[in-house]
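Going by the order they are written in, the chains are A, B and C; count residues from 1 in each one.
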Amino acid sequence: MASVKLTKVKKIYDNKVVAVHDFDLDIKDKEFVVFVGPSGCGKSTTLRMIAGLEEISEGTVEIDGEVVNDLQPKDRNIAMVFQNYALYPHMSVYDNIAFSLRLQKVPEDVIYDKVTKAAEILGITDYLLRKPRALSGGQRQRVAIGRAMVRDSKVFLMDEPLSNLDAKLRNQMRAEIILLRQKLDTTFIYVTHDQTEAMTLGDRIVIMKDGYIQQVGTPTEVFEMPKNLFVAEFIGAPKMNTFRTTLSKNGDEYSVTAFGVKLPVGGEKGAALARKNAAAGEVILGVRPEHIQLAKQGDPGAIPVALEVNEMMGSELHLHVYTEDGGRLIVRVPTIDLDAQTRENLVAGHRLYITAQAKVMHFFDVETEENLLND
Amino acid sequence: MKEDGWSQVIDSNHLFKGAMFMKQYSDLEFLRLSRWGKFSYRLNSFFCGIPQGIKNALFGAGRFFKKLGRGIGGEFGELFRTFREGDWKTRASYLVMGFGSMARGQIMRGLMFLLFEIVFIVYMALPTGGLFWLKKLCTLGDHGVTKVTEVVYGQTVEKVIPGDNSFRILLYGVLTIFFIVAFIYTWRLNVRQNRIAEGILKSGKKLKSGKDDLRSLVDEQFYKTLLALPLTGIVVFTVMPIVFMVLVAFTNYDGTHDGANNLFTWVGLDNFNTLLSWQGGNNVYSAAFGEILSWTLIWAFFATFTNYFLGMFVAMMINKKGIKLKKLWRTVLVLTIAIPQFISLLYVGKMFAKNGLVNLSLINLGWIRPGQELPFWEEPSWARITAIVVNIWIGIPYLMLVATGILMNIPQDLYESSRIDGANAWQQYTKITLPYMLFITGPYLLTSFTGNMNNFNVIYLLTGGAPTNARLSTAAGSVGHTDLLITWLFKITTGAESKYYMASVVGIMVFVVVAVISLVVYNLLPSIKNEEDFQ
Amino acid sequence: MKKENIVMEQGQPRLKRHMGQKAANTISNTIIYILLIAMSVIWLLPFIFIVLQSFRVELRGPVGYVVPQTWGLDNYRGLLTSDFKRWYLNTFIIALAVAVLQTVIVLCMSYTLSRFRFKMRDGLMRFMLVLGMFPGILGMIILYRVLKDLGLTQVNAVPGLILVYVASSGMGYYVSKGFFDTIPKSLDEAARVDGATRAQVLMKIILPLAKPIVIYTVLTAFMAPWGDFVFAKYISFGTSAGMNVAVGMYSWLNLDQISSRYTMFCAGGVVVAIPVTILFLCLQKYYVEGVTGGAVKG
């Protein structure tokens, strides 16, 4: 249980490649923080610097107020779960979990209690005498978590722990990690490239790209108020529709022209734009697929489109549509909202109308790709 | 980054750019060429790439020296800065090593430095210490052992007045130079320690204690502990002998001038002249070198590739689906690896001798008459071919193992998809198996080639270099027709005159040849260039 | 292939094509069996000859037949009364010592180069590559004189030879480094996070996993001294008591000895080969692994 503080942390590799730039982050005690980003964004490197597996080129890492830059991993009192589990192949499950305790010279009966308790929580009591190679992927993952659990460590680091599992198992383990977190009640730092994991697990999410932090915030914050185009497109699946539009201003009234159709920007969004005194001109408009609604011909703000592909996902449809001037959009429609006749009509080439309300629109600067409504 | 003047010159005149020599095609243009066109384009690019390679090598060397120069400059700069900015403890360490460390409480570290300095100074100052040997190194000794006859109480006594010993001078001279380099490095380390320690103290942190130092030797500095023993061994038993022997190439050290009874001295490049200059074609050494080198290369080529392809062939036969008793066939061959080579080589060598089993059996069978024995080891070309054939016998089991391992790793779906594409067995071999094998074993083939160039055991135990090359009889080491450079070298050192200096020159030439071949091939190997292709 | 296609085009039943393939397969398999049998004979015959001739009593030189006319153990008895015992003991001691020491050194070197990234690492590896291009025999000239000054040659050649073999063995790290490279690094990292020092990582995690390569290294280190000729010849320098089997038995085939010692050479060869071969066949699996792994990694 501890706070972790990173101040201007930087990682420069021998070949002068900078993997992480001036990383500043204050992680509170018992917080669950997720680092998320595409591969090569520096999220794992940052985690490994906290663990002491990578040297810190510049800046400081503090755990509980103590600078740990020069400490070896073993002296930092951390626990870590690796992507490929990193179970010791020549040791039984029991010995794997007991390894760290044995190194600390903990008495064997205490080890026995701790290991069996952890095994019970994780449901691997029946496999304690097996070697890792005789276990399934999910079981291995549990052993890896068990190994980290028995440490009573200050910080719990997880480096893409679920990415080697198949989709179904991943969902199951994700739920278990949430339960585990409630039981352990310690500080978690979790690295993943999967935005779903990030959104479901994290108290706060750190979105990274090319070694830079893009945004730090709660799942709601990053979803509803993405700081820039990258975050907007990275969070949410299918990804947000973005296209260039013109923002016009008439007094305090804003509107955008998308695919030749003028959409008024009123309400809160319009007020916010006015507060920012946003200038008229070209902007990037972003609307999430689930926020686009189907409309009827003649509705105000109805944009005519044609269907290209219809993906049936079960509870919803993903409609890939294109506009007259070649713009491509994805529209997410709950299956339940459509009657059978409409659904049957949704084949390639079918013409339909879509629209979006002002409150779901995001505006980004064309040059900087920053959200126009950023503070 | 600032560029040196001369490298800019080379870069800007485009002399080495391949574009000067040939037209460059884009990928799509290349695809439209005929088969012959593609081939000639590739060939062309290869040859045009050579100047580029040379240029790269030159640049590499240039960068290296530039880096070296900058490094040395930086060192002096840091030395100066450390002195100017350091406190008195640091400054004192410039003279008394480890003083700063001790003054700051790192007693053990400081003592080690100090001890090293004392040992160094004492060694250098001893009457027969470092300075003594260094002084003599220029001449390798000026007075040899002299014998004086004296008459003592009416009896004539031969008194031996000990003189210089060139061998010792060279040996200890080299050792002293190594020691001095080590000392400078340690001194530099000692100065840097001070700077680091000052920085740590300034930032308010604590210095590492001796206990911490020891602990780090099994943890973050564990590599130092692990490397200490192996590297000491390599420096003492490989690096120093090589430095010494390279120096010997510039002396006249031989059996007569052994350094103790007869001094030897520096002779400059004379020995290289002897080996390499043609002097109207009658220089026996250069002739011997030329003949032996060409045979060495021929031998290495055949020894490597006959084994490689036949070994692969055998492996494929055993691996073929439907062949039973795979394990038995493999074991039979592997068995022959286990038996020490000197037994099989000596035995087979004698089998083919003039009065060996083969010839005697043929006489017994009445196929040849006594006096008409087949000259396996007597005729130069017979001997060479027999050596290569016996080497195949020795080498195939090993190559079979290597090939089996790799063949089993070729993904089966490659074969399945090629069968669907309509390839027959031969096409599968040339389009899949062979490229895969060559790609994977490229580096191995290179080491195997250079290894065969230096394959002392096979040649020496089989033929001993025989038959003797009468034309070259005046060169040291009784040159034979099957001698490789390495066996020649050995024979020179053990011959009557023991011309160590010639052996040393030959050794250096072996190094040069191996290094050139390695460098060229290494740069052409696809496995190095496109590491990801087959992954 | 072409013929078969024609068969297909003519609308012949598929069965025929199948039969053709099967017949072709039988023929090629038969050829392969013949080749394999011929090869086995060629590879084994010399060794069978050695064994047969080691029992020959009537003549001690090379002869034109293989099966002895009179069988006996005279040659083996002759070994006991000759210096062979000493050579054999020398070689055995050397092989044991080298097997242990060389394995330690090679493992230290290869583990370090596989796992640690220190400043001089690349330079060191390149340096050793270049160093390996010098013929090893070259250094023997000086090593011999130095060892002689230290009293480690001729009669005392055994410790001298052990020193020579072991000292430079760090340069032969390639195969085992290749093996270490295949052990995932995350195991080291997990252990370090679990509280292990680097030394503990090596002892508790890596070494137990490196059993195949340890056995391979021990095996090759043990076998090498039995076959080494050149270093042993230098260091023993003509003193019988300091020779190993290779140098000693080589002298039996010199022109002046061959007619009286040839069969004894065969007997000696059998005595030398048997233990090494048995050991080798037992550990064959590890040897094959090491050889193929080494070739792939270069």
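Assume a contact is a pair of C-beta atoms (placed from the backbone, for glycine too) under 8 Å apart; a residue touches a chain by one contact, two chains touch by 3 or more.
Just so it is clear, the model here is predicted, and its values are computed rather than measured.
Contact analysis places B-C first among chain pairs (by count of C-beta pairs in contact).
Compare each chain's C-alpha centroid with the centroid of every protein C-alpha atom shown, and the nearest one belongs to B.
Centroids built from CA atoms put chain C at 55 Å from chain A. Computed centre separation for the pair chain A/chain B is 53 angstrom, with centres defined by C-alpha atoms. Chain geometry summary: the mean Cα position of chain B and that of chain C are 21 Å apart. Residue numbers of chain C whose C-beta contacts span two or more other chains: 197, 200. In chain A, 72, 74 are the positions where the chain touches two or more neighbouring chains simultaneously. Each of residues 219-220 in chain B touches at least two other chains. Of all residues in chain C, only 1, 25, 28-29, 32-33, 35-36, 39-40, 42-44, 46-47, 49-50, 62-66, 104-106, 108-109, 111-112, 116, 118, 128, 130-131, 133-143, 145-146, 163-164, 166-171, 197-200, 202, 223, 226-227, 229-230, 233, 245-246, 249-250, 253, 258, 262, 265-266, 269, 272-273, 276-277, 279-281, 284, 287-288, 291-298 touch chain B in the complex they form.
Only residues 167, 171, 215, 218-220, 222-223, 225-227, 229-231, 233-234, 236-239, 241-242, 244-245, 248, 314, 317-318, 320, 322-323, 329, 331-344, 346-348, 350-351, 353, 355-357, 359-361, 363-364, 393, 397-398, 401-402, 404-406, 409, 422, 424, 440-444, 446-447, 450, 454, 456-457, 460-461, 485-486, 489-490, 493-494, 500, 503-504, 507, 510-511, 514-515, 518, 527 of chain B touch chain C when the two sit together in their complex. Across the interface of their complex, chain A is touched by residues 184, 186-187, 189-197, 200, 204-205, 208-209 of chain C.
Here chain A touches chain C in the complex through residues 51-53, 72-74, 78-80, 82-84, 86-90, 99-100, 103-104, 147, 151, 157, going by the rule given at the top.
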